[in-house]
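The next part holds the structures, each set out as structure tokens.
Two complexes, one shared chain (subunit A), two partners (subunit B, subunit C).
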Partner chain A sequence: MDLGRIQKELKEIERDTASGVSVDVMGNSLQRLRGFVKGPRDTPYEGGMFVIDIILEDQYPFVPPKMRFITKVWHPNISSANGAICLDVLKDQWSPALTLKTALLSLQSLLALPQPDDPQDAVVAKQYLSEHTKYAQQAKSWTENFANPALASTQEQKVGQLVDMGFDEANSRAALRAAGGDVQAAMERLLSE
Partner chain B sequence: MPVHPTSLLAFWAEVVALCCSVPCRYFFSRRRCDKGDDCRFSHAAAAGSELERFEEPCMFYARGRCTEGDFCRFQHIRTEDNRVPAADRRTPSECLDRLQEGLESLSLGQSTGPDGCAPEALGEAESQLQEQLHAECEAQPLCEEFTASGSCREGDDCSKAHGNWCSSCSKYALHPISRLAYLNHLGECGARVRHSRTNMDASRAVTCSICLEVVLDNPDKGQRKFGLLDCQHSFCLTCIRQWRSNTDDQVDLESAVRTCPICRCTSHFVTPSNTWPANDEEKAAIRLAYMSRLAKIDCRNFDFGRGICPFGSSCFYRHADRDGTPMAQQVRWYNTADGVRKSLQPTLLSSFLENDRRFFNLRR
Partner chain C sequence: MELERRHSPHQASERLPSLVEEHSDATGAFECNICYDLAREPVVTMCGHLYCWPCIYRWMQVQSHCRVCPLCKAGIDVEQVIPIYGRGADQTDPRSAAEKDILRDGPPAATLPRRPLGQRPAPIHRSSSFSMTGTVQPSLQFIPSIFGFNSGSGHGHAEPLTPEQQHQAFLSRLLLMLGSFVIMCLLLF
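Coming up: the complex of A and B.
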């Protein structure tokens, strides 16, 4: 993996604060990162802060980074169940000249301009085409409920607490979701597994 | 009758012991053996024995050079019927010696000569002699081996001139005697260095869009090369080659891999270059030079007419037979069941007879 390039990319993202995207390093490896994308203005996603799980493979930048929404989003091209993204530049149209920043900016523009003809979530896409106002309402309510910046930070803190106790991150996240955000209940759930 | 294993072992031990006492013929004749310490034959015995010399002259030495050097068993003498003309065989040092001798005899003649030679005539004779000998030495070309490496197997016996060190091209390329050749070389070298320095200055700031580093700052000297595409975007040769050799299923071959990572214009090949071309003419010149270099290399697919090159007449490599005669080839194409277009490779009768895997795959 080209560590020099990733460090340069991270510096560039840090320097540019106006773009509305940022990246955090998880732990001490640069293999797993966390991206943050601000919801674009004049869309149902406005005001939200969307968290994206980024996995960089060893061949990066010659293969696209694996990106997935951790925050639940109501969007035709993003799975409402697991956050999988349908975007060509993260798949067959990837180019090594693209960076984490440009990829996150592409996600931001995807939020602004959904492509219902090439859907990831068929239910949302159908709703987007037939009942647009209903779609906008639902997307807005999901943004308020799941992509609230204050909520996101407390959620991350809770996950951090569980990870510090020695639990696996993915399991902690699932347990927290199941326990409705209660750290104590999530911990008991994890211990009983 | 079955051979007893112990007797076989003893036999081999005997063979090995015998070998160990026999002098190694390679070490004996050349004072070196490629097998080194693993050699089964004795190097000590070989080193102790004297080389057996023949009376006959060495034919390679007579023609100009013998790679065996001092270890050659034939006589290194140059006879009158040698193929190299006598004038060509005169070494620069010999020329200088003769010049010195000639001058000395002239000055001796001046002091002791009974006929009392006039000083003007003497000066004239001296300059004539000098001119004549200089002309002989100046006509001698530079020894290529010495120019490149600073040493020559012929040593002082070399029939060609051994040049002096040129610091701009880092070669022994300055003619020791001919002033004209000396100045010519300095002029050429200076122009080349000036040109490459201005080019290098312009290339120094160019960064690769893939690794985001300045191409000429790469710690590995061998990787300080640009890969030129049809567009104006800059990449390291290694980065763009790695991207274009991408066989990952995730990425589309035609619309992503074969195109420029920035502007997505299709480029069919990458041209390596040491400098970043300032304009289109320079780029065209670099491409042309690259193509002409490739055109001298025999195509591996074509294999002197035995194989089929799928690139046909548009292949950059040379399609010729072993004599260098250009050969054209008609490529036949077929579509596989999966819709992939493939070139038809020659099928030999032997592949059917020898249970060739290809044949069985076809049948299945």
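Coming up: the complex of A and C.
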């Protein structure tokens, strides 16, 4: 893995505060990162802060970074169930000249311009095409409920706490969701499993 | 706003050992577009983009069906890159660089071939005329050349001619000598 390049990328993202995307490091390795994308203006996602799980494989930048929405989002090209993203630059159109920042910016523009003809979530795509106002309402309410900036940060902190205690990250996240965001209850839930 | 502050990667990169030192703008122009480091064994594609030879070679191996430049998507190939030989370069043995790659990147670099060699096209002459003057009073140079003198070479400006140009020069000189011989015959007899 090219640590030097990733470090440079992180520095560059840090320097640019105007773009509305940022990256945070999880733990000590540069393998697992957190991306943050601001919902674009004049869209149902405006005002939201979307958290993205980023996994960098050893072959990065020769293979694309693995990205997935952690924040639940109502969008034709993003799975409403697991956050999987359908975006060409994260698949066959990746090039090593692209970066984490450009990938996150692509996600931001995907939020602004959904591509319902190449959907990831068929239900949302169908709604987007046939009942557009209903789609916009639902996307907006999901943004308000799940992509709240303050919520996103505290949620991440809570997951961080549980991970620091030694719990698996995916399990911690699920337990937190089940416990309604209460760390103590989530911990008990994890221990009883 | 609060989130932005909390999650700004500023803290993150402070926590990490800084492997990256600040580069000036001058060296920035010579950084590889893949590893973001100063290009080692630099090569430039036909579309003009600079890469380390190991980086671009590895990218060409990763792409299965169609090899394109990472930056502009122009077609690229192993034999269609131009090496850059700078002063002070090649001080490290390329083989040791390849070894380092094996340690760092695993098998793909183990088969890294040598960087393609530079091409050496024949020099192109600005003037197609056989007299080599180019700039200095061509009319004066014309007379001696009839008699087989080539004052251009006398000035030390001679450049090697291609076989085709030599042939042309020889032919025109022969014709001129024949012509002047005929005129002299007419005048004398």
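Quick note on the criterion: the second predicted complex is superposed on the first by the 193 of 193 C-alpha atoms of A that agree within 3 Å, B and C clash if a C-alpha of one lies under 4 Å from a C-alpha of the other, contacts with A are read in each partner's own complex, and residues count from 1 in each chain.
Simple rule for what comes next: a contact is a pair of C-beta atoms (placed from the backbone, for glycine too) under 8 Å apart; a residue touches a chain by one contact, two chains touch by 3 or more.
All figures in this text were calculated on a predicted structure; none of them were measured in a lab.
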Fit or clash - subunit C, subunit B, common subunit A: clash
Subunit A residues touched - subunit C or subunit B, whichever exceeds: C
Partner chain in contact with A:22 - subunit B first, subunit C second, else both or neither: second
Contacts of A:13 with subunit B and subunit C, given as first, second, both or neither: second
Partner chain in contact with A:34 - subunit B first, subunit C second, else both or neither: second
Touched partner set for A:49, first subunit B, second subunit C, both or neither: second
Partner chain(s) touched by A:111 [first = subunit B, second = subunit C, both, neither]: neither
Subunit B versus subunit C as contact partner of A:149, first or second or both or neither: second
Contacts of A:63 with subunit B and subunit C, given as first, second, both or neither: both
Touched partner set for A:3, first subunit B, second subunit C, both or neither: second
135-143, 261-269, 297-305 or 351-359: stretch of subunit B that collides with subunit C: 261-269
Contact residues of subunit A, present in both the subunit B and the subunit C interface: 2, 4-5, 8-9, 59, 61-63, 95-98
Contact set on subunit A toward subunit B in their complex: 2, 4-5, 8-9, 59, 61-64, 91-98
Footprint of subunit A on subunit B - complex, ascending: 209-213, 233, 239, 242-243, 246, 248, 250-252, 255-256, 259, 261-262, 264
Subunit C - residues contacting subunit A, complex: 1-4, 6-10, 12-13, 15-16, 18-20, 33-37, 55, 58-59, 62, 68, 70-71, 73, 106
Contact set on subunit A toward subunit C in their complex: 2-5, 7-11, 13-14, 17, 22-25, 28, 30, 34, 36, 49, 58-59, 61-63, 95-98, 149-150, 152-153, 156
